[in-house]
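Chain IDs A, B, C, D and E follow the sequence of writing; residue 1 opens each chain.
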Amino acid sequence: MPILEIAAKYTTYAVMAVILVFALGVVTLRNLFHCALCLAAALIGTAVLYVVLQAEYLAAIQILLYVGAVVTLVIFAIMLTEHLAGKTVRQNNSQSLPAIAGLLGFVSLLTALILKTPWPVTPTALQAKVLVMGLGKALMGDYVFPFEVISIVLIAALIGTVVIAKKDQPEEKA
Amino acid sequence: MVTSDQILLVPLLPFLAFVVNILAGRWLKDRAAWLSIATSSAACGIALPVCWAVFQGAHFAHQGTWLMLGSTPLRFGYLMDPLSATLLFMVTVVGTLIQIYAAGYMHGDPRYSRFFAYVSLFMFAMLTLVISDNYLLFFMSWEIMGLCSYLLIGFYFEKLSAANASLKAFLTTRVGDVGFLLGFLTLFAALGTLNFSEMNTLLAGAHKTHFVLNTGLLATAALFIFCGTIGKSAQFPLHVWLPDAMEGPTPVSALIHAATMVAAGVFLVARSFTLFMAVPNILPVVTAIGTITAFMAAFIALTQNDIKRVLAYSTISQLGYMVTALGLSGLGAGTFHLITHAFFKALLFLGAGSVIHGTHVQDIREMGGLFKKMPHTAVTFIIASLALAGIPPLSGFWSKDEILLAAFGSGHFLVYGVLLLTAFMTAFYMFRLIFLTFFGAARNPGVHAHESPALMTVPLWCLATGSVLIGIPGSPFMHHWFQTFIAQMAHYPEYDPSAFVMACSIAVAVLGIALAGIMYLRQKHWAAAVAKTFPSFYRLSFNKFYFDEFYFAYVVKPFQSLGRALFRFDETVIDGTVNNAGRATLFVSAVKQWIDTYIVDGAVNFMGTAVYFFNSIVKRIQTGILQNYLLIVFVSVLAFLFFELKF
Amino acid sequence: MTITIPPTIRGIEFSADMLFVTAKAWILTLLGRFLPDWLIVLASITISGVVILCLGPLIMMYLTLLERKLIGRIQNRYGPNRVGKWGLLQPIADGIKMFTKEDIVPAKADKVVHLLAPIAIVVPALMIFLVVPFGERMTAVNLNIGLLYFIAVSSITILPIFMGSWASRNKYSLLGGMRTAAQMISYEIPMTLAVVPVIMMSQSLSTNTIVLTQEGSYDMNWFIFTPWGIVGFVIFFLCATAECNRPPFDLPEAESELVAGFHTEYSGMKFALFYMAEYMNAFTLCGIAVTLFLGGWQGPFFPSWLWFSGKTFVLICVMIWFRGTFPRFRVDHLMGFAWKFLLPLTLINILLTALWQFTSNLAAWLWSILILGVSLWTLVKLNRTFVPEKRHYLLES
Amino acid sequence: MIILPLPHILIFSLLLFAIGIYGALVRRNIIGILISIELMLNAANINLIAFSKYTSLAPETGQIFALFVIAIAATAAAVGLAIVLALYRVRKTVQADEVHLLKW
Amino acid sequence: MTLFGWGVLKGMGVTFKNFLTSYFRKPDEGGIFTVQYPEEREGTAENYRNFPFLVYDGAPEKIRCVACGICERECPPKCIHIEMELDAAGKPARKPAVFDIDYGLCMNCGMCEEVCPFDSIFMDHAFEVAAPERQIGLVRHKKELLKSNEYFREIRPALASAIDQKRKAVEEKKKAAAQPASSQSSGGTGSL
């Protein structure tokens, strides 16, 4: 179906563009809450991109973990730290000009590099389909050690978070 | 039904009580006693069927390797033969009854739970000792018992005398224990085993197979092992600790220093009986020690005024009897007397405890006429005394008669005579005690006696029943069943019952009682008159043969002098050396200080100053603002990339 | 995403079971006469989409009516019975009212976000419909990660609620939003874990496959007829009730404390959209519960879609029944219930399922019931009600 | 199946990454920095998946590492935000350049 | 200890029973107690009071009210407006020409009924007084307020009969007083 495929391809480019727009929103918007919402949108767009790259499982996980958990967490933090009445504080510090200069260099450097590199795209890999079951077997087989390490890291982070965020015991009043 | 491994629970249950009581005693409070009693009763409940099975002829043993000594395995295990079954029966029953009694006696004591913790630990040790099948385990529990004895004698450690007494008991028995340790190590060298059964087999087999035993080494071993008995069972040279041990609570005296622990020494000899038989030269020594102890202690007991001290000397005397019996190869007689003695002497001590509990005095001169006020105590006390004095058909008569028979039958007439005299003295001093305590007029109006609570009198009656009945299995009524039963253990000469011996025995007992009755109830001035007539004897008896003074002068004093001399040496020679070394060090360090201050410190300070100078220039990069660092990192990475990729 | 023409649509015999499938096939065939193939694909998608887009609001409308009728009956009332026969036109009347109401936006509100929130909240609610198997061959998109998709998409629901609550600039809205977020995150975890046994047993994340796994003689292969299944179902259903903020878990919109929670400042159609999302979520969650535990469309005699609708209807009635029965939870109890009771129980349930897989006989039943009983008892004991000491207030003298 | 040229995806993720770096460098609010870091991680994830899809013979690998990255990102967010909250409690600010005690 | 969750099930049982019984039980036995108002109505209690009305005997002309204005004075919200009718001679005809009550103002206190010495004004049972407009629509004029004594007897039989008896007694007394007065010509007014 050439028409549909071309449509899908350009839709994908459109999705990419939308992601970039939202990403720009993340770093430029003044209202931090809007930033977080833009982040959520960008992440959902990325999930769509994952689907395009045939990583459906990861797309679902992306939405579940990033949008469902991380963004919620961020919004919680924003609500707890930001006073609701919008103060007009400066959101950017004074080093944006050197940052932009450096980034331009960075982007041009790497773009040139990407375009120059002959990527070993293998047709067999393009045909391969990753099933959830295969993913699970790999996770429980070859990658079981990093998997366990991640679980330990998560638990450590959980406990650490609780310890850090816990209020200090109120001091006894004399 | 009886499974053999169940026997392991018997010592472990009291140990559980010990652990719980020592850890949670503060919380348990009064329940500590019930925990100990419950575990003891449970141990008793487990032990009795096992004992019954052994009485029926069963035999249990089990071993597990504990460690390898070179190539020789050191095995721990338990052994249930007639001897241990008998002891197990006695220890669990008497121990439980005494603990019940102690629950009443110790009531209100601030260290109530600790007392029961110690008692439970003691029960654990004693039961382990009884069922142990080798010398090492035996010795370990023996030492734990020594510790318990020390702790319990010094239970009222606020009292200086109690603390001293506990120390004395511990150190004195230590002498014997060292002997025991040497003894069984020697035995190990001689036989290569510490196991009782294996030892018996080896020694018994030696006769048949002409297996060459190192008799000299064995004799040494037996002698050393007997040292343990002398210490623990308070035999002649080392008996001095036992009377002082009466500073402890009365149930302790009853349990440890009358019924069980001191009997462990006798049990040791009984356990090692084949060894003693194998080297016959030792037995006369045993006999001599036993006889001397029996006589001497009885003689001392005649003039003592402290109710518990009289009983303590009586205990020593009776232990002497048992040792004599064993020395005369009378394994059955000795063991039998051990059992009966445990019952009635425990009863006597508990009765004495009851009296002390009721009157709060210990001196018999301040008592008198207590029979009316404390009928239960008095009646049970009298039953026990009759048993001790050897009045048929009470238990003491049968066992003592066996010993006398052994002496008489084996032809040791001197020994027989001394023992008979001792029996007379025993009857006399016991009834002196009874008449002074329970009869006559109340001599101290300040004493207001009252009967003890049921918690204390019920064990008294139980033990009284035991004292009456426990002699039956060894009496002609049951055809000397007990002796036959013990005789499974080892072969030893047995003698036909002799009417003459019995008659003599009864006669001296009655005579002693009668004399005591006349002297302390009718003709009260006789006692003083006797003392005046034989002043040297009286003083000898009253001052306990001057043993304590002797030891103080010839053992303690020299050691103290030695200690003082060593202290002088330490003070002058060793301390002097140390001080001089210190001075030398001071001098050297003064020199070093100069070098340190001007050369080393100078270099370090220079470095510091230089670093500080450069630092004041470079530190400006550290703005403390996170994103500046981030930018620096980013730019650096970018530069690195740029140069690395050679654009 | 592969885009292919659906399998050939001719030759499907007519049966009650295949009623809707046949209808769609018939329409597509009809269109196929004069449309290019790629348009047919689009048409196929459009038909499913339109059906779902119509179905969602329709279900929502009549669910409100059903709820009001049932609650009325439970409270010995008639419920709406004036507009149309048995009040059947009541939802339409309500809809008209909602449409015509004035749309009020608070002066200090974040206007864009305030507008976006109700729109955004309907999207995930509708998106879940895609993977609900309404009947045999009646899943809109047969994703191979359908269940994960459902979990992921339903987790987005928090975001619009946050948007709405934050944009309103109202303390009640904000508190309600915070509560909703906390509650939904908390209950998402036991819900996800309650699903895990089903995945373990069916070895698939596809909702279709899960239903097919439960096929069996006399339909006794439904997962609910196993110990872990019934426990999982109960946990899932409770979590589902909490997820769509229905009583007794309706803390976020507790009228007595928070006026109306996160949609306090919404009126008119925006409010209706929030309402719609809530009811559609209730429907889809019940549908997923049916799919996972009650055998989906499986059942004798009747067409599959009827079975599915019937089972879902029963579950929804139970939800309404809950609402008519239970008072609202206290906040700390709510969180404690999720974290201290449901979560351990789900973990035990997962272990149990593993056990079940390896011992499939009578012993497995006994083991399962024993383990479940013991763990339940332990959890109840551990979660026993804490009776605080009587407080003494010091009075200033 | 939609096949985009691999460099396009890479350039896209590069741009996303650059935007993330810009945010991390420029934003004053610490939460903003954290958000930007999430964006960067996301870009890295896209790369991982693209490489595993296009070049790898074991296509699970990239996805699994992306999974790990997501998990780590969640961890980082949780810990980071906890630190932000603690900071806010102590200093009453969440601006990165107002917290600069640790300097010369 | 009861089974865990038993209370939950019991509670659900209660509501389910309610649900079922709502279909076949009578209201007082636990069924639906809703009264479907326009079709079904519950009667009002005799002492129910709503808005005042005026009683006439026989014909609307024979109005009891004498336009004394006591109720007008006593009415707390001042919702009564009375104008005396003047006869041809311009003298007061002891009859109201205008008697208006603003139902929108009336607060249903019943003071007028209490104070009326002529048993003329009473509180009505009619409560469906809705009007499309509140300024004028709720003002009731004399014509609407007048209701017959039969109606009064119908809605409040006990009070009505008591008042009837009282009036009759007064009437007879007056009659009896009038006859001796005519015979003995002793001036004595009847009751006021």
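Throughout what follows, a residue touches a chain if its C-beta (ideal position, glycine included) is under 8 Å from a C-beta of that chain, and two chains touch if they have at least 3 such contacts.
Only a predicted model underlies this, so the values are computations on that prediction, with no experimental measurement involved.
Counting hops only between chains that touch, subunit A reaches subunit E in a minimum of 2. Graph distance from subunit B to subunit E, where chains that touch are one step apart, equals 3. Grouping of the remaining chains in the absence of subunit C, by touch: A, B, D | E.
For chain pairs C-E and A-B, the one joined by more C-beta pairs in contact is C-E. In terms of the distance between Cα centroids, subunit C is separated most widely from B.
Of all chains shown, C has the CA centroid lying nearest to the centroid of every protein CA atom. Ranked by separation of Cα centres from subunit E, the top chain is B.
Remark: subunit A and subunit D have CA centroids separated by 6 Å (rounded to whole angstrom).
Averaging C-alpha coordinates per chain places the centre of subunit A 28 Å away from that of subunit C.
Subunit B and subunit C have CA centres that are 78 Å apart. In whole angstrom, the spacing between the mean C-alpha positions of subunit C and subunit D is 33. Within subunit D, contacts with two or more other chains are made by residues 1-2, 21, 25-26, 96-97. Counting partners per residue, subunit E has no residue that reaches two or more other chains. Within subunit B, residues 625, 627, 631, 634 each touch two or more of the remaining chains.
Subunit D contributes residues 21, 24-26, 33, 96-97, 99-104 to its touches with subunit B in the complex.
The residues of subunit D lying in touch with subunit A in their complex are 1-4, 6-12, 14-16, 18-23, 25-29, 31-32, 34-36, 38-39, 42, 45-46, 49-50, 52-61, 63-64, 66-68, 70-75, 77-79, 81-86, 88-89, 94-97. Contact residues of subunit A toward subunit B in the complex are 93, 95, 98-99, 102, 105-106, 109, 112-113.
Put simply, subunit B touches subunit A in their complex at residues 625, 627-628, 631, 634-635, 638, 641-642, 645, 647.
Interface of subunit C with subunit E (complex): residues 70, 73-78, 321-322, 324-326, 376-377, 380.
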